[in-house]
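One chain, chain A, appears in both complexes that follow, with chain B as partner in the first and chain C in the second.
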Partner chain A sequence: MSDDVRPEPAPRPVGEVLGQSVPKPDAREKVTGRAVYTEDLCVPGMLHGALLGSPHPHARILSYDTSRARALPGVRAVLTAEDLPAHDIGPAIKDQPVLARGKVRYAGEPVAAVAAVDLPTARRALGLIDIQYEVLPAVFDAEEALRPDAPVLHAPRGPGHPNAASYIRLVEGTPDSVWARCHVVVEDVYETPAQQHIYLEPCSTLAEVDPDSGKITLHTSTQSGFRVQAVTAEALGVPMSRVRVLVPRVGGAFGGKVESTNQPITAALAMAAGAPVRLTFSRTDDMKMMRSRHGARIFMRTGATRDGRILARQVRIHFDTGAYADDGPFVANIGSYFARGPYRIPHVDVQCWCVYTNKLRAGAFRGFGNPQIHFASEVQVDRLAEALGMDPIELRLRNALETGEKWLGGAPVESGTLRACLERARDVSDWARRRERTPTAPGKQRGIGVAAVSHVSGLLGSSATVRLNEDGTVTVNTGAVDTGQGSDVALTQVAAGALGLSMEQLNFSRPDTDTSPYDWCSGGTRTTFTVGRVITQACEQVRVQLFAHASALLQRPVRRLELRPGGFVGVRDEPGTSVSFAAIAGRALYVEGGPIIASARYLYPAWQLDTNRTQVEGLPFMGNGFFVFAAQVAEVEVDELTGHVEVLEAWSVHDVGRVINPAATEGQVQGGFVQGLGYALTEELVWNEGQLVNPTMGDYKVPGVLDVPVALHAVLLEQPFGPGPFGAKGVGEVGLVGVAPAICNAIRHATGAQVRQLPATAERVLRALMERD
Partner chain B sequence: MSETVSISLTINGAEHALTLSPERTLLDVLREDVRATGTRRGCDEGSCGACTVLVEGLPVLSCLSLAVTLPGRAITTIEGVRNGPELHPVQQALVRHGAVQCGFCMSGIVLAAKVLLEQNPSPSVDEVRQALGSNVCRCSGYTRVVEAIASVGGRP
Partner chain C sequence: MRYAEPESVEAALLALNAHEDARCLAGGASLVAMMNAGRIAPGMLVSLHRIPELFTITEASDGIWLGAMCTHRTVAADTRLGGAMEVVRGAARQLAHPAIRNMATLGGSIGLADPRTELPVALVAASALAEVAGAHGRRAVPVESLFVDSHRTSLQRGEFVTRVFLPRGATGAVGHHLRFSRVAADYPTVSVSLVLDMEGDTCQQVRVVVGSCAPVPLHLDAADQRLIGTRLEAEDVAEAGGLLAQAAAPIDDVRGSAEYRRMLIPRLLGRALSQARERAHV
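And now, the complex of A and B:
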């Protein structure tokens, strides 16, 4: 392992737990069916909720008649916007009503809600609700939506086109003046689809309202109890002190459960019905009502000198955010911020629009704007290499940012390990041999492609408490949600490594907004990195308290003390002298000092864009994170007769700083790769005149086991650095980001066909084969 | 409303007397009437495999099966796989290999793998992949799941 580049030593863990593939604490209950997800909860008197979706992509609501639904036996509550506070929610722009108010802006948008004694009754009641609409002209394409005469979705918020939810421009250098100095220039338009999360557990909430205090308790499938608490309180006009959120097991999320899903409306139904309500989406309701990844159209032009120095790049991005902004403006920020790629390009001009259309809202999804821009950038860099007659990895190495160099906007790259990732990927994939075209069966062609990947890890606030129990064991509480990625085990291992404890000596609390310290969200490649960091901070404070007691008990100065595995404080060079955490806890609880407890908090320091370097328009929120790097390689076989693409083998090389749990980390990388494979080859929401035509798992194809390569190699580099626990860096989203360009570059290498639109279905590959230049 | 039918279902060896509408699926009856919630609802149309159960030892998608057609047939759900405190070897392997992420697909995968190993005690990686062709896992990328199941039969 080329680990010699270690700019600063990271602290070493105590004991052997950190770095082991410790089994996840919830694995046994999951393989035995005992795990409890939200839909498995059932409380006395519980009603069942269901939502009515709009039949039209854009229409004014003229009138409601809910009388027949209310009269149906077994119906306990029927709600429309007239029954809810006239308040809009949204993380970036407050533009989303809980139920459509005044008009509907996409087909499937919830317009009415019912709670009834059982689900069939609730669904029958939906059919009895009569809503009169006046159909309005609609727009389904982001660029068309910016034309002056386009139908307008939302009231204008300021100057600029009312359908532009956000606009960003970033300019460095003088790109217009340097194109003439470029020996090669390539340009193209790239299109990427609205991919959907297809977390296997559809969104679900159980809401209970205490009749005396009015306190709302939500059990819900989410990535953040605290986001749900804040959004539900805001939407319903109640104080956050009257909303409690608990999170049962979560059946996958991938960004789709960052913001509120059906929590506010389920709470409103429970308040109206005076009884607990559980609302679980059918798969089709989930697909039609929730959110997707942003579809994007990207114009990109890149120029380089003969010796392979990239000089200039111009980018215009249109992100289609659908009917509501949701996280769209933040996704657009990341897409713009990564438009230069992990390369030193002195002259750059990036423009980015995040645009409303009459389709399902787009929001957070693993990669958060980066898969789109990486597809354009990494495919284009390959075309540049081709034009220069240069090896694609060599061209990337020549332009890769190194430690200390500046990102677009001026933020420093603190640990520039892209070079190490690319070099390792070249070695492990036997790149040079496989670039020689391998002979295959007649009608089939093999090729290999690469993508360089960068992402950001961090974002927003986290906190933790660490408390010594009376018997010397330790309880850690963070509020972080494990959506399946394994953060519970990884964070427990971080605490184990910080205090030298075994897994059995640690209790990791489940998230509960009544008792857990704040965590923003399990998203943004941040949980191990940011929550892990606050755990190490709190553990360090606990260590200081432990040593103060141990010093008194052992009659030795603090500076001679050390932590010893298993829950002991010992004296350096005195192997026989130690005191247990239990003895210290007893002294603290009953003799002197009080309970040993510590809390810590962290917010990745915001980077202010350097306006002397970069002309900036837009970008209200940026740079709150640590840059992380990877390189992904795919070998494919293309059937020239059918256009079918099979991924034969793949390598995903990641600098993760330090491996906390190898099995969990590799699982993140492999799972991310396969979601990226779906994005590359099959996954796409398709609309016809604003109607989603494939809102089922039969018609929307996620990869099955037979679609993925047998050999999918997760290669982990450890170059510990930065604020994460023991030098660990985030990895959660990264495995998805470069897969599509690596595969499309491999298709190009195999056949000469250039796919510019994802997914690279057989039909699109065939067309590209026919258009070969 | 349709008329109801009184039947007895044999679930994990126990008899359950039930009065059901004929249109109710086995998935609904397991989850709502029997409260055997380990059988998961992922898509309601036979595309994801999360609701897989065994009928007379063979995998069946419970979301596409009408409960009233199954009286007298031996139905095995995930709750019936574990025998006492010991996990089934497939379950042990999935835990040991770190193959479990969100877990929502696991009930179906465990049952599909159990059938495979009963029919073919030492399956190849390719045979494991074929056997899991109806089970979607959105988290793992399948790599560790396949490795874990193949390891039970002693093939790497």
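And now, the complex of A and C:
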């Protein structure tokens, strides 16, 4: 249960800091190159680690011969599964060994590890490891993997196909009986790719082991020191009291660094070598060994009445989770949970499979199942609008869930601001004018498209400690990791707004599992929302303690006291009467009461699905969250000669509740849009017989600065509501979610070409154009 | 690995011949990346960056000589490269991105003979000559004749390109380079380089070369001939493009399927020709 502290946090910030574009504390060091990332760390006697990947997508391991590698001068440790505890890890299903054990399940899967005096020696040693394999039949397609005769990756865990990591079914109403009542029914099969995170900083860990206590200290690039601590301890069979995790600057993560990366194996190497080991992946190793977004194939059928009321929807989703479940079953939860979209559709039938194949594992990635299902849903809603002869925004408005209405499964929509987002998007994009097809250069066509976007923010637990220093300044400690998105500055501003302090009067501690209070993860559109909330709760407790001292010092009742900007407690209607936080700290430390400190915790209350309303099968809920809404509009120009799509201008309208730092928020929205642009147009891992064919940034293309629309408008609406700090809502993932459908709807509007498979490469668009003709 | 920085062409030739496994290092944009990726491990590198004559640009009455160590950036900035020669300047201006254009060189592009890159395509369209230095002195050969296969040239061991001659071509001829890539700065999926000479509305002379669609820059006499003497009507362009598409031997890769590349050839040829004609009228 969550720990709701009364009274509620201050609804209005004190002072002027909250809502300002305060520069990020790490901005200067990053642009000057001073920022210290894990790979920049160096300790005496440090060794360099490297991993050997499997050459086969599916094979039994018959034998290892590491003797030649061990004999190479400079090699200090060589590990295979035989040297590690036989523990499997995984957030949903414990199916992943630290190094492949018994068999390999994807090409590139780490099978052996080396620590040596330098990286070239470590890499040479990898080449001297001899592993004998018996190649097994492999499967690379999620639907094929569910056939009765498909090769099986993991030992069966129960009834059902052993390759199904999870299966979900959600039914509301009686869809089978209402199709006949629909005047318009559209159906299609949609496909989305395995997109990769391409964080600029590849995964990296420096592990040190204290020879006396055995305590492992990890410096690592992660979204959660606490996940790393728990998973490393579990994988290596050591208590968490012997694992400490510190997080230097992180160069992007996007979901790829939620769970463990190379921390357990680096710690194992350091233990085996008796020396510190640093292991940083090359870009290609990172791309071949870590994880991607789930590729998906989605069948969807939607029906509506003549007046544009959507009546029924049927959905079948296959998520390809690759060789290991990782966060796949949770991604499948979100994909299923959002399959109805932000619309009131009374009759719904959703089936979802999360399936093992012999490819790189898929896991968490910005949007977490939502970009896939939004692509299918939002493209299909446009087809429906076309069939009905309605404006796409009008159709969405007619069906948009409003405050108080129920989500699929029965959870209430507490702040249903999709309508406001769509209406603002319509205004700012000059929608009506641009829907009239604009004349353009010969061979090119312009069009504009929209997507309605919904997401959740807030899952799982956070805590914060707030402490008054002797001089009246304040230290805030949360355990939250700033992955580059700007949470350090935003959370400091939350504390500033809660206590009326300046940025200089606040010390925001960086995460250290030895000293920070618990935070689950910087992910899930939750850090500002959930960690920000616990900061306001803890600050509120500090305020109560401050007022008790101030009341005694000023000889005034508590109810007449107020916070004043700059670190003062004053008396309402007595402008000249106040006492500084410093004076209060002195009294607390040396005279009476003890140090002023408070901690708070919060867990977004889990929603139990209403089984009277919804038939539910196999939905292992990890906690939902607070619904947030956005509308995204893109104007494109399609080259009919080549199929190339250029996004000319885009509008991303978000209800963020309350803006804490406008520049950082806009940055999140723009970054999300650009990552969505890659998902929409160019980014796709490609395999040939299980071998990744494009594991370099030369072959796998993320949008560069020249590919981004010149005008990318982040439009922030403020409708404060809910448990977030000062009514703020999450935004981190949301900016990516609707980009692909908005662009594909714009392609359709421009040319009539219907793209059903992402990314909408020039080749796919040209084929769709030829299909149209 | 051994390394030398000779200060003359003759010294470089000696260094190259002194080692069985020596490679010339020009800009290093590709060579060093390939070494870092572990794809090649030459026993010796002979850097050409201290040889002044390889950087010189000389204007002649019938064309311009460009030193082999001229970077793409230098070529792109040289306004003397007008008319037919503009095709090379256009390719140099558009390819890859500024960091690459600042490093990569004319001679390096020829020596690499990467079928994905576009400078060789433009050089063949421009009817460029290469001066090749070797043990038996220097000779000038058509650049086209140097490309024999993917990443293979007819240069012998111990030879390297010292400079490139771009002929001015007929008065009124225009050179034009058109590239199509997935994103800015990627290798082109298909590129088209051409030199066109119109007399009124009639094509007097044309030389079309297609890139990224064969192991070497694709130049087909029959396609040029199909266009010469016509008014470049849609049918003429489609047929010439069809001949090129038929002769092409593209590969399937992450930039596009072979079939897509074949589809693009006539389409991009049409666009390149009309853009060149617009330029001719300016």
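Quick notes on this one:
Heads up, the rule we're going with is that the second predicted complex is superposed on the first by the 760 of 773 C-alpha atoms of A that agree within 3 Å, B and C clash if a C-alpha of one lies under 4 Å from a C-alpha of the other, contacts with A are read in each partner's own complex, and residues count from 1 in each chain.
Note that a contact is a pair of C-beta atoms (placed from the backbone, for glycine too) under 8 Å apart; a residue touches a chain by one contact, two chains touch by 3 or more.
On a predicted model such as this, the values are computed, not experimentally measured, just so you know.
Aligning the shared chain A places chain B and chain C next to each other free of steric conflict. When the two complexes are overlaid on their common chain A, residue A:D188 makes contact with neither chain B nor chain C.
In the superposed model, A:L641 makes contact with chain C only, not with chain B. On the chain A superposition, the C-alpha centres give an angle at chain A of 40° between chain B and chain C, rounded to a multiple of 10. The larger set of touched chain A residues comes from B, when the choice is between chain B and chain C.
With both structures placed on the common chain, the touch criterion links A:L706 to chain B and to chain C. Look at A:V686: by the touch rule set out above, it reaches chain C but stays clear of chain B. Touch criterion not met for A:E562: it reaches neither chain B nor chain C.
Of the two partner chains placed by superposition, only chain C is touched by A:E763; chain B is not.
Once the two complexes are laid over each other on the shared chain, residue contacts for A:E414 go to neither chain B nor chain C. Between chain B and chain C in the chain A overlay, the least Cα distance found is 5 Å. Once the two complexes are overlaid on chain A, the chain A residues touched by chain B in the first and by chain C in the second are 698, 704, 706.
By the touch criterion stated above, chain C contacts chain A in their complex at residues 97, 180, 182-187, 189, 253-254, 256-257, 260, 263-264, 267-268, 270-271. Across the complex, chain C is touched by residues 443, 641-642, 644, 682, 686, 693-694, 698-701, 703-704, 706-707, 761-763, 766 of chain A. Taken together, the chain B residues at the contact with chain A in this complex read 31, 35-48, 50, 77-79, 81-82, 87, 90-91, 94-107, 110, 125-126, 129-130, 132-146.
By the touch criterion stated above, chain A contacts chain B in their complex at residues 21, 23-24, 26-37, 39-40, 42, 198-202, 249-254, 280, 282-284, 483-486, 661, 663-664, 666-667, 670-675, 696-698, 702, 704-706, 708, 710, 712, 714.
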